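Note that the chains are named A, B and C in the order they appear, and that numbering of residues resets to 1 at the start of each chain.
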Amino acid sequence: MPFHYELRFVGAGGQGNMLAGTIIAEAAIFYENKYATQVPTYTSQVRGGPTKADVIIDDQPIEFAESTHIDFLLALDQRAFELYKGDLKVNALVLIDSHLVQVSPEDQQRRDVYAYPIVRTAKYEIGKLVTANILAVGLTVELTAVLDKENVRKAIRACVPAAFLDLNMRAYDLGLQAARELRSRKRQLMAADRLACPSMVPPSDVLTALAPSTCGQPLTA
Amino acid sequence: MSVDYSKYLRNEKLPLSWCPGCGTGIVLKALLIAIDELGWKKDDIVMVSGIGCAARGAGYVDFHTFHTLHGRAVPAATAIKMCHPHLHVIVFSGDGDMMAIGGNHFIHGCRRNVDVTLIVVDNWIYGMTGGQYSPLTPTGSKASTMPRGNIDPTFDVVELARGAGATFVARGSVAEPVLLKTYIKKGLAHAGTSVIDALSNCHVQFGHRNKLNDPVKLVHHIKDSTVRRSAMAKMKPEELAGKLATGIFVEDTSKKEYTRAYRELVKMAQNPG
Amino acid sequence: MPEVRIASGNELVAEAALAAGCRFYAGYPITPSSEIPERLSKRLPELGGVFMQFEDEIASVIAAIGASYAGYKAMTASSGPGISLKQEGIGLACMMELPLVIVNVMRGGPSTGLPTRVSQADYMQARWGTHGDHLIITVAPATLLECYTETVRAFNLAEKYRAPVFILSDATLSHLHGRVELPAAASFEIIERRQPSVAPEDYYPYDVDRFGPIPPLPNRDNFPRYRFHMTGLNKDKGGFPTENPTVVNADERRMVAKIMDDRKAIDSCEYYRLDDAQVAVVAYGSNATAARVAVNDARQRGIKAGLFRPITVWPFPEAQVRELAGRVPKILVTEMNLGQMVYEVERAARGQAEIITVLQAAGTPIRPAQILQQIQVAAGKVVGDSIRREVLV
């Protein structure tokens, strides 16, 4: 079975989405001997404009590097999410920042959505806002399971400044851990057939199961 | 000036295309004598020019010669000097070429301080295209595109070069060719960007519209319009009004010459840590 | 052994330039080409070469031309607005017959347009951008590997034909990061400009009677010994201005003929699944990757589609397109612009094939599905509403 996986990282300029995409692509190429591409799209606005990094991983050379059938989407910004949520496969994995992005009930229904306060956790739990992208990489790697965790760790080590290595490793581990908890929580919810989501999650609670936008609404049509 | 400068000329290209009595030839002669006095070899000299009457000078001299586009002599000269730092690179072009269309390159050339000598043949007019006003056409003078008299203020080449960071700046004129040669010679010998504002006569295009249509008359007018810097201290303000100072205005060896700075950069890149 | 790297299109252009022997770069910052000077600003000093950022685009191209005159292999890179500014200088390189590589990382336009978005709307500009009769060889890489190999080829063509050569990249290709297996340096040819064998006093830079249509030009080592004149005016064999109608006419014709007469060595086209094709897609640059996917998808659907991809886009491969039009009933031209190469295709096809287009000037890449739909229309198998059936938005 040929392997082909498409990831899209969207956010606002300055959040580090491009680097997150680069790390995933480099881990695939250098440490798993796969083919991968990363195509960034951004605006002239250096900070704050919508950004998109498309990553494709394949065991064959990649012909067309723009993602058109997306398996996984990470969104750290509402405007970028709305702009770039097209091209998602049915039941695609969607990871959103629970404080920055809201997902409509329709999207919620058609996608496998996970929400986590990525930026807030990076800022307050890890203590450095710029680690948000590495935290997101951790979440991505655990949720998608397309790459070996340790290979991605090597790619992170090669990409981040040495002075911030420990901090970024903490962020990465926290991301992996958080994703495991998100998934087990979701399984529990599904097992219990409880489709309503919890009420607003306080910022200190780093484990958010579902997006705030769906609060109090049934997820069935 | 009993130097045989014909050895520096491509004699088969003569006669010169310049009008009889044109000052550009005097500036070129001053340059060639300065080169002769410095003992430079022809193989070691590159002359770069833009477009215009003066810029045609590059075609007549037996050096490496590069006749570029209108206004673009300075970046070409900069590149050639960067490629061959041991060669002497001279820009020989007019006031319209270097101060108007090439003005941006001129100031940035001065800023970098590459060891290039910029000779501005400053005849206050666009000669070749038919006497249109340049940024050096004196306010009030007539030009083919200022038939009622020029309302534009002028650049002061010396102050512009100084402000932009040139490390040798002088002004001379065809009315005092030996002094002009001295300034050019010092500029050529200077390690850094040197600018020589060489006031010259265009009696055909500038002169005939301004009652100065005879080379002698116009050269006298240039002489009367200028005053030596050394004499200025003793003159009253009303005597100085409307006059251009001649002499050497900037002679600064403290600023690093650019090809030297680049050599140091290369060394740093090749021996990191 | 090829070297596996992860790199962007821009970085590969820069590295390939160095591998080809480029030792002078002059440029001005502009999106989306800036990674080229960024890389070269680090690398050129390491190799003893010259990197300079100039005050503007015009100075940059003139400086590169000055360096080429001084014997260096030189390059400048820019994007739409910057290329417009460089055009007069590009004409100077044509007239002086100086080797020069110009990279245009195409973005949306006209004017400032879409600085960070993709386009192919400078296709005609590369050919006709500067004034006067002239011909500029232009190559258009489509993949990361070609960003490298076509840049090396661009330098070789520039040196061989003593002429400026355009590389038409685009915003997508320039910023695409991915795996690329670079050929070993020893595996490709590097062409150096032909050197004069005559004494300096017998050398004339345009002495075609003695040297043939592409006279030698001193390299950086020989430059100081060979004194000669060059001008942007129409010139004689010595490089001096002339208005002699016979000399001018012959020189103008030779400058174009030196390229047109050696088409076999310059042309480069890819034929993909065209042997039995009923629909031939014609595409170049990064857009050709979408076209290739569409062709494969069409084949899976039983449509005999193929791809014709000019890699040397100028001079236009008209003989090849004419031959294609003689055997393929439908030609589908796709470009990220409002239709430029299609004029050339129509001219070359001479009415032999029906010509249809997939054109887009949106700042976003054309998708394989868009091309596939038109292939289906051309093949008479319209399945219009099924094209994005896998994708639910």
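One rule holds for everything that comes next: a residue touches a chain if its C-beta (ideal position, glycine included) is under 8 Å from a C-beta of that chain, and two chains touch if they have at least 3 such contacts.
It should be emphasised that the depicted structure is a prediction, and the values quoted were computed from it without experimental measurement.
Q: Where the centre of all protein Cα atoms falls, which chain's Cα centre is nearest to that point?
A: C
Q: Looking at CA centres, what chain is most distant from subunit A?
A: B
Q: Cα centroid separation between subunit A and subunit C, in whole Å?
A: Averaging C-alpha atoms per chain gives centres 38 Å apart.
Q: Suppose each chain is reduced to the average of its Cα coordinates; what separation in Å results between subunit A and subunit B?
A: 63
Q: Mind pulling the subunit B residues that touch 2 or more other chains?
A: Answer for subunit B, listing residues that touch two or more other chains: there are none.
Q: Over in the complex, which subunit B residues touch subunit C? Could you list them?
A: For this pair, the touching residues of subunit B are 10, 13, 42-44, 48, 51, 58-59, 62-69, 72, 74-80, 82-84, 87, 104-105, 108, 262, 265-266, 268-270.
Q: Under the stated contact criterion, what part of subunit A meets subunit C in this complex?
A: Touching subunit C from subunit A are residues 22, 25-26, 29-30, 35-44, 61-66, 68-69, 85-90, 110.
Q: Could you pull out which subunit C residues touch subunit A in their complex?
A: Listed in rising order, the residues are 4, 6, 31, 115-117, 172, 175-179, 289-290, 292-293, 296, 365, 367-369, 390-393.
Q: Could you list, by residue number, the parts of subunit C that touch subunit B in their complex?
A: Touch list, subunit C to subunit B: 24, 26, 42, 45-46, 48, 50, 52, 54-56, 58-60, 62-67, 69-72, 74, 88-89, 92, 220, 223-225, 227-233, 240-241.
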